[in-house]
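You will see subunit A twice below: alongside subunit B first, and alongside subunit C after that.
Let's turn to the complex of A and B:
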């Protein structure tokens, strides 16, 4: 009996030491993520100083406007909706080892499709049905747009980074042309699509200006996270991503899975475009290209492709964008400063990773 | 073909480099195991061994690309570390790699000038005189203004040797230099090596071709599975006739040695005459590619309880055969019949379900996903199947229990089920793969180099498993480059060369020599 207890004790000790290790690893991960962000804030602060702006004023203004003012936080949460859809799309692709950098093109085509379809369908269908159909159509078009890089990658092994980037340039231009030539609203002088009336758009949450698209977006990214971590399908995608040769050896249909990944990823990005139009914008003006995706890519990387962490980082990005826009008007710091800040975070993060890697190696040696 | 010039063997020559007990490990593999080596001036030292014998790792350490884990390197009798390729060059060690390392768009002169300090002007004129002097003494011409990509492979190699000489190398390593050359190119290289050693240089010549070793060498060291299994000194070299030399080397490469892992001979199993055929392969062909010889009209069968071995020097189509049988590569023709059922049109998964299992030799490259936990790697080929998945959702606790059971059953030494499999030793990774492939319903198991790179204890454990599988009445196809292993385990041994089955030998007294000679193409 006592011997039995001893072994159980030993087992719990092992468990405890493992729990301790896991906790240590978790804390290290947090430090490795937040540390670079703080360092980047300091570096960016020095830049602001060089421009003659007090960084503390800037940062507190951004946080105040992006997070703590009632209208600011509502704008921030509304902005998160399309960003989260894009993040969900990127997580699927990146976890499967496919670097879909064409999300902006897929997003914009989705947006233009939704903007063109919704008012048109609403003319002869119930509004809710028109909105749903527009959303689905937008998704479909975005999926179709990803077919070229998907098939090239799956059956010819052509690097998707290059093809998706090229397709994104084509996609944004194509979306533009469609707005200017085909879906032009004849009743305005500005080149833009017809506008979905505010009452027909997705409802707002409670008494706020926050779009209900945020709810769909949260559902989407959490569903994606669970799909990738809990289901057999997600596991297959991760096997393809982690070791394509092992996937072949295990008898997985790698080409088909690759096409599926492209379709899901692009579809989610297209949904992001649709949700932004159907919930917030109501129309697409010619030359409109918010280029959200290229901002979301680093966030997803910072979150290590984890859905929940991505929500936090997308919130951060959203705060920086909304606050940054206000600060641009008020303090004269250009809008692109947000982008600069993000890029400094990335560079610092890369350096931190490199140092950590070197350190680990030297410990081993 | 043997170059019998007066070899300037002066025993007084001190070795330039001495390796003492050098060991190098990689995750899962011992690439070099306590290797001793002396490289002396005025000598062509041949390193002979099959793929995976540890030649490349040895070169890596001599040229500063890798550091030994154990043992020491002496240069001119002093213990020194070769810290980098630059450092190796400074110590007088030049390396000519298998694939030429010239910049294809630059001229020969520009290539030769690369690597000089960046703040100095390229010294083109002095280069010209130096090269002319060298070319004259070596009896080979090189056009300094030719663009590197316009040269033949032999010429490119000469430029690389030239580059090593221009940097005052005392020792030049030629890594599989003949593999890309035409026969006349090989002759020329041999003559060049001879002239180089006459100038007092040390040459380390790496090859897996026996004839070249005998023709060009002064001293031969034979490597096998990371260990040095023999050395032929210059004195012995000169005393032996070429054919005797070859026989002696074959013996070293394939013969039995006292320190080879001992394994239980099959305990008098005889396969009943009427034993059912598990696998019948009939006329399988696969087109050759740039990197593999393809397969040519392969036919054999494996009966219940039978262990059929496939011997052959690595790279003669063994891997392709295994992959064609497993369904991993397309483009093959011919019949594959498992338990009386044609399986050649089935997918990888379909063949697995039918009972055909393949343990790949590339455990980390394709056999497992290194970053995934052990528990998932047990199930890599069963993803999504009930009972461990319920409508596509994984049942996490069941998967963990399943892993715990297999870890205990196969004695996998791992901290726990969710340790990434890549952190385990090679032997334990192999046990994980073994557990996966032997799961429910195995009828024929293909092993590809199952004990390659494993330590003794694991080697013996795996071999016992293989015997057990056959004893259970399953069919086993054992592909191995380790003749000892095949002789210890198999009932019959087929020999592969150049993508063909060149012979089938019943395991018995003369099997060793017969197979050895078939392997190097001495009998046809």
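Let's turn to the complex of A and C:
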């Protein structure tokens, strides 16, 4: 009897110490993220100072707009929707060892498809059905766009970095051609697609201006995370990513899995484009290319392809983008300092992670 | 239509093609060396942009194009130093740092431009071409290829220098080994870090020079984001060329012709969206890959940091 209680006591002790350790690891993780961001802000602040801009004013504008003012934070959360979809698409690909650098092209084609389809379909279908169909069509087109690199990679072994990069250049031009020649709105002089009326766009959350696309995006990225970590399919993809040769020897159909990865990844990026159009923009102007993926790619790397961590990093990116736009406007400088800020944050975070890794290794040894 | 393709038009078209191709050629040659040694240098777009800025600044301040090329090359070199320290020496993720450097250079050069030149937009005087006697008298081809700036001939010469290095020298073998099997190179007593560092620094120098050419000769002015993806095109060219410098030259010329065609047709008043023409080279390459797609021969250790003694 006493022995029994002793073991349960020991078990709870172990549980408690585990929980303590987990909490400690979690806190350390937070500190390892916030610390470098602070350092990066100081470095960027010194640069601002060199340009004759008061860094405190700049940062207070960024935080004020990006995080604290009601309309600003709503904008920040709205901006997260497309970014999260792209992050989800990249996580699938990167975990499976497929370097899909064509997310921008897939995003843009999804956006143009949605922008072209939604107002057209809304002419003779109920609005909700038109929006849903436009969303699905955008996803399909993005998937189709990734088919060429997917097949070349799966059956010819051609490196997907070149092909997806080229398909992004091609997709950006193609999207422009479609906007300028095919889906042109005849009623405006500006080259752009027909505009989806604000009332027909995705509903907003409660009484805010936050798009409901954010909810879909959060669902998408969490679903992707669970798929990659908790399902047999995800395990197969991770095996392909970790060691393609071992995957072949363990009897996995690597080519088919590769095509599936491309399809899921591109589909999610296309959904991001569709969500941005159907929820926020309403149309696509010629030469519109936000190039979100260029910034999301490193964020996903820093999150170590973890879905939940990616949400945090995307929030950070979104705050920097929205806050930076506002701060630049108010200080009368071009909105390019955001690029510099994102760059410094990226590099400092990468260095911090490296130092942490080295430290852990030396402790183990 | 027939009067469009006069000798003058063709000559101007080819001249523009060469001007557009030279930065791509320099970037592609540089990227090729990095990739050969196993470093995927995504920061090359940033290195070009920095070279374009520092190159323009140098030329503008001293009124000397050659000093501009020097400062441009140094600008690219400095950015590549960061890449060497972080990615080659310490093995940080090459894609994260590469994109970080590109974003940083985009932001930094645009800001510097805003504070220095955004009110005046100064221009450089047109560069004096180096005319090669006799050859430049050939109709159409002569004025296009043999009345270019001296740097153009040097860039083409570099193609053959690179070929020589890869085929005939110990350095070329070392570079190849650093990309294929760095551990073997290490065992044979050659420093992998130094070999890769050399390749990345050379990439930065060439990319910076390419950027400086773009600003000083191609445009005569520096504007933010002037490279407009040329660095990424350089990556594509280097990968398509499969380690052979001559193919970078051919590829750069094909892309150059298409870029030149977009402006030429606009000047001729033909109303096609430029995007349509810009699609041509990519379509051609994709079609070629689909038809003749063989296994690409990228270095085995491309993108993988070398860690001594790691298994």
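We take it that the second predicted complex is superposed on the first by the 311 of 365 C-alpha atoms of A that agree within 3 Å, B and C clash if a C-alpha of one lies under 4 Å from a C-alpha of the other, contacts with A are read in each partner's own complex, and residues count from 1 in each chain.
Going forward, contacts are C-beta pairs under 8 Å (C-beta built on N, C-alpha and C of every residue); 3 or more make two chains touch, one makes a residue touch a chain.
Because the structure is predicted, anything quoted here is derived from the model rather than measured.
Annotation: superposed three-chain arrangement on subunit A; subunit B versus subunit C shows a clash. Of the two partner chains, subunit C is the only one touched by A:294; subunit B is not.
In the overlay built on the shared chain, the residue A:236 is in contact with subunit B alone; subunit C does not reach it.
Once the two complexes are overlaid on the shared chain, A:32 sits clear of subunit B and of subunit C alike.
In the superposition on chain A, A:249 makes contact with subunit B only, not with subunit C. In the overlay built on the shared chain, the residue A:350 is in contact with subunit C alone; subunit B does not reach it. Between subunit B and subunit C, C touches the greater number of residues of subunit A. In the superposition on the C-alpha atoms of chain A, no part of subunit A is touched by subunit B in one complex and by subunit C in the other. Interface residues of subunit A facing subunit B in the complex, by the touch rule stated above, are 18, 230-233, 235-236, 238-239, 242-243, 245-246, 248-253. The touching residues of subunit A, when paired with subunit C in their complex, are 47, 51-52, 99, 148, 152, 156-159, 161-163, 165-167, 169-170, 172-174, 176-177, 180-181, 294-295, 297-298, 301-302, 333-334, 336-344, 346-347, 350-351, 354. Chain contact summary for the complex, subunit C toward subunit A: residues 40, 82, 86, 90-93, 95-97, 99-104, 106-108, 110-111, 114-115, 224, 229, 232-233, 235-236, 239-240, 273, 275-276, 278-279, 282-283, 285-286, 289-290, 293-296, 298.
Listed in rising order, the residues of subunit B touching subunit A in the complex are 326-328, 347-349, 352, 358, 360, 362, 365-372, 376, 380-381, 383-384, 389, 392-394, 415-416.
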